[in-house]
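Labels for the chains are A, B, C and D, by order of writing; each one numbers its residues from 1.
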Amino acid sequence: MEYQVVLEEIALEVKGMADPGRVPAYIPELSRVDPGKLGVFLAPLDGDDCGFGDCNERFSVQSIAKVLALGLAFDLEGEALWKRVGVEPSGSPFNSLVQLEYEGGIPRNPLINAGALVLCDILVSRLGRPEQAFLEYVRSISGCQDIDTNPAVAESESGAGFRNTALVNLMKAYGNIHNPVEAVLDLYFSLCAVEMSCRELTAAFGFLAADGVSPATGDRVISLGRSKRINAIMQLCGFYDEAGEFAYRVGLPGKSGVGGGIVAVSPGEYCIATWSPRLNPKGNSCKGMKILEAFTTQTRSSIF
Amino acid sequence: MEYQVVLEEIALEVKGMADPGRVPAYIPELSRVDPGKLGVFLAPLDGDDCGFGDCNERFSVQSIAKVLALGLAFDLEGEALWKRVGVEPSGSPFNSLVQLEYEGGIPRNPLINAGALVLCDILVSRLGRPEQAFLEYVRSISGCQDIDTNPAVAESESGAGFRNTALVNLMKAYGNIHNPVEAVLDLYFSLCAVEMSCRELTAAFGFLAADGVSPATGDRVISLGRSKRINAIMQLCGFYDEAGEFAYRVGLPGKSGVGGGIVAVSPGEYCIATWSPRLNPKGNSCKGMKILEAFTTQTRSSIF
Amino acid sequence: MEYQVVLEEIALEVKGMADPGRVPAYIPELSRVDPGKLGVFLAPLDGDDCGFGDCNERFSVQSIAKVLALGLAFDLEGEALWKRVGVEPSGSPFNSLVQLEYEGGIPRNPLINAGALVLCDILVSRLGRPEQAFLEYVRSISGCQDIDTNPAVAESESGAGFRNTALVNLMKAYGNIHNPVEAVLDLYFSLCAVEMSCRELTAAFGFLAADGVSPATGDRVISLGRSKRINAIMQLCGFYDEAGEFAYRVGLPGKSGVGGGIVAVSPGEYCIATWSPRLNPKGNSCKGMKILEAFTTQTRSSIF
Amino acid sequence: MEYQVVLEEIALEVKGMADPGRVPAYIPELSRVDPGKLGVFLAPLDGDDCGFGDCNERFSVQSIAKVLALGLAFDLEGEALWKRVGVEPSGSPFNSLVQLEYEGGIPRNPLINAGALVLCDILVSRLGRPEQAFLEYVRSISGCQDIDTNPAVAESESGAGFRNTALVNLMKAYGNIHNPVEAVLDLYFSLCAVEMSCRELTAAFGFLAADGVSPATGDRVISLGRSKRINAIMQLCGFYDEAGEFAYRVGLPGKSGVGGGIVAVSPGEYCIATWSPRLNPKGNSCKGMKILEAFTTQTRSSIF
């Protein structure tokens, strides 16, 4: 099919380019990854999947996991979730702490760190063994039973997570964290340390392309309305301070992680994931952005 | 056609609802409008237009005009525009002044007031008689030759525009306003005072639904890529502090004005405009939001 | 002597007044104190001491201890201290977190919570058993060997100290905390829980009235220049958001604590301490402020 | 007398030092001043005046005039003044705009630009010809009948005063400016352009050293209590972001101007003024600070 041809050409071309990005140093375990890795995987709702390069190699999904935590917390908590976290973009990154102050401990959206910490607090409240339960959720919606967390990465992050510890304590001062901060942080570092390949990411995020039903399993993960809401939040808040840039260049709801992964969703069409560890100054994968921009431009699949 | 039937049903139902919103009092001329007005107009790219209620009556488009100013300034200035204004959402409204301070007088995006004032500065620099030239641009892309500004509204706003005067002076202190502040403010108040009907709004915004070509005239207004960029900016920044809510409930790029108008674009499909003067606390038309939400839900035309 | 007569008259008059203030509820142990307590103690450099009311009863000195921590940390660290904490007022209280963000984790001054946490970090680095060493410092400069910490109060605070935990973690993220956050917080809560009477407070702060030499023991505590610096910091930063009000009404360098104590210094003249648990909305003792205002007015001892 | 000997020695020594400071370029008229100028004048309440260097040459007092505007506005408006402007330090300079936003258009204190603009608004409301009336006030309290404004400097500032125009418009949006912004700005630029010599400055500020009575004329300018309040405000707010540094090094209430002048008051003792145009990065005269620091140290006249 055409998609596959286009994707392979783009991937080959981008692979050969110089990459001005840098692998982040602040999470020791991540800095050891081979920066030359490059993977892409495309899962259309109609037609065959196709992959390229290191698309079956697992990497640390990092912040990408926040979207899956949102899916699970939204399912468990329902609309009451929005009393504890907003749905609006957050402006510049510094604002997370500042706006928590002004807005009484309510994070602007679930995809900034403060918001994801509230999601974790909800999961700790609702689930018996939250790390395990989250993993099972990811396995179940993706149909990939051996997705797992890398405990060395979780450990490596928790050792340097002073800013996240500050955020969760500040929100607890406002009454928006109900569990002990350690339990919330443990879950947070654990879910950021989940490892998936590009192929597995498209399996896990497929339900957002398919109006809430997992293409991998055929099961409904979430209602159509909630699937739309999550996509809208990804579009507006999924790329921190580069949301506008990503919306313009790629034109799809998506989410990036500092592990070098990006996943994006074309509602009704396909799910796509890329992996390349070098990041631009805003913390998003340089080559991943390039591949996605070229792909949506050539296939005219930007939603705008 | 189906669109028309759906729209008429929704409009009738919403017309009968109680409206908790309020007509804003701070622009004296606007507060005299009949709050019971309700208009909707739909212009599909394929198929017949259809309207309902007061869809041919003109009202003050207010901030909606910022999108057209962006179209014209982008055309005149090209990519150099993005050195003077960003493309990222702005967080909470107070941030406009605060972020100007931190970000050296560069507004976060062209649809907040500070950003629109930079657009006006560009138009003043580029055009001989900017008020007139802007009107001619709007008339030309819409094919509606008698669209005009209401000078009483422009006057009414300029008398209370101390905050906008503060913004433009602050940006001038940073060197991001090149013309006398009075000329910039005059153009700003003039373009906010342009009056259009719902029908005329869909004609003027049609090029954003049609990849940059005006359906009204058949002429290319802007390139495909720039049309996508403007839609992306509307999606992320068009509803101030309610961008996330609008993205979720309506799921289309759009822009509202305190005159009670909303215009939204379904790329490749249609342009739609509503008018109902009572606003919710965030400054967006209550009934307009309701109509658009019901319409995109029932026609499944949310882009998410 | 005249001082004594004036003070007794004022104390009697203020004791009879209604008190609109409130005992703070957020530290459980403190909320159990009898709100009717009132003590004053004056220690002139020349002439006899005099006291009134509950001037020999110990209470929780809370933030007043920050000044003594500053004295000890300044002595141990020298001028290098000012690389890690500023000497400027902090504006409104919310700014402590915001300004830490903008100013790279350097607190504006040593008397806001963030600044005192840096002092504690220094004491933890420099001293073997910091809680004990701090107590010994206070005992030695005051000549009061049985001054002690109330462990129930320290415990009571540490249970609700989420905002302080947020501050210390945020500063650690910036590299301005060198020890484990728990050790820093333990010392912080311990020194806030030191208990002294008004009499003992004047003994401990006497060196700031006497150019750096303790009147209680005759030993030099700190150089003249450093004594002046601490007084200047108290004047500008000792009363949070009410520094200007205190400077105007009382006109002396001073420090308050939420335990209801205030200590003030008239350089070259005297040290004075008051205790009355009801606080005004800014967190300063109502009757303490009244007594000090009346005293400096009647004795014309404002430094302004 | 001893004061004179000490002062002359210090002035000579400082005159010979290298000066790392810079003359500010943003007010064109000021940048033409000879940067090598140096003047000092001391006016003790008891004993003879003494001067050194260019102490009789006039220069632009700039922000120093704000203190005199405060004296006059306080006299006209009484305690109602404090409903429109606070008495607390403002933290970092950027905060003036930010805090106006949060605190509803009420400036933190009368010596930041926003606060001085409110003083000007009051003077415009209260006085027939405010520029002239202000000059007459300064002449009358100093006994120097030929003190005058330099219109070229006023003009030069008003041409670059975009930030001040932003401030006054923002406050007008909050209702805290009652007159047309042009009238307020005209007075503001006019009073900043008043020219005085060091000798004249000590004559004009003498009442703050003498409990409210002008030593030059023997007339009461203001009550003792209000004189204390103005001194307290100068101490806490007179040196912008360097108030703590000045309090520590010099230890007197004082006020600086970007024209290179500093005036300081030792209550009950003396008034002193210095002039040297090169400024440190915080906008305060380098050599002026040095002279005052040495003088208060050697004469032990710091109030701390």
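Note that in this section a contact is a pair of C-beta atoms (placed from the backbone, for glycine too) under 8 Å apart; a residue touches a chain by one contact, two chains touch by 3 or more.
Here the structure is a predicted model, which means the values were calculated and not measured.
Novice: To get from chain B to chain C along touching chains, fewest steps?
Specialist: Graph distance in the chain contact network comes out at 2.
Novice: Rounded to a whole Å, what is the gap between the Cα centroids of chain B and chain D?
Specialist: 48
Novice: Nearest whole angstrom, what separates the Cα centre of chain A from the Cα centre of chain B?
Specialist: Averaging C-alpha atoms per chain gives centres 32 Å apart.
Novice: What is the distance, in whole Å, between the centres of chain A and chain D, each centre taken as the mean of its C-alpha atoms?
Specialist: About 56 Å separates the centre of chain A from that of chain D.
Novice: Which positions in chain B are in touch with at least two other chains?
Specialist: Only 94, 102 qualify.
Novice: Determine the shape of the graph in which chains are vertices and touching pairs are edges (line, ring, star, complete, other).
Specialist: Graph shape here is a ring: one loop, exactly two partners per chain.
Novice: Enumerate the contact residues on chain C facing chain D in the complex.
Specialist: 86-92, 94-95, 99, 102-103, 108-109, 227-229, 231-233, 235-237, 241-245, 247-248, 251, 253, 267, 302-304
Novice: Which stretch or stretches of chain D touch chain B in the complex?
Specialist: Interface residues on the chain D side: 94, 97-98, 101-102, 162-163, 165-167, 169-170, 172-173, 181.
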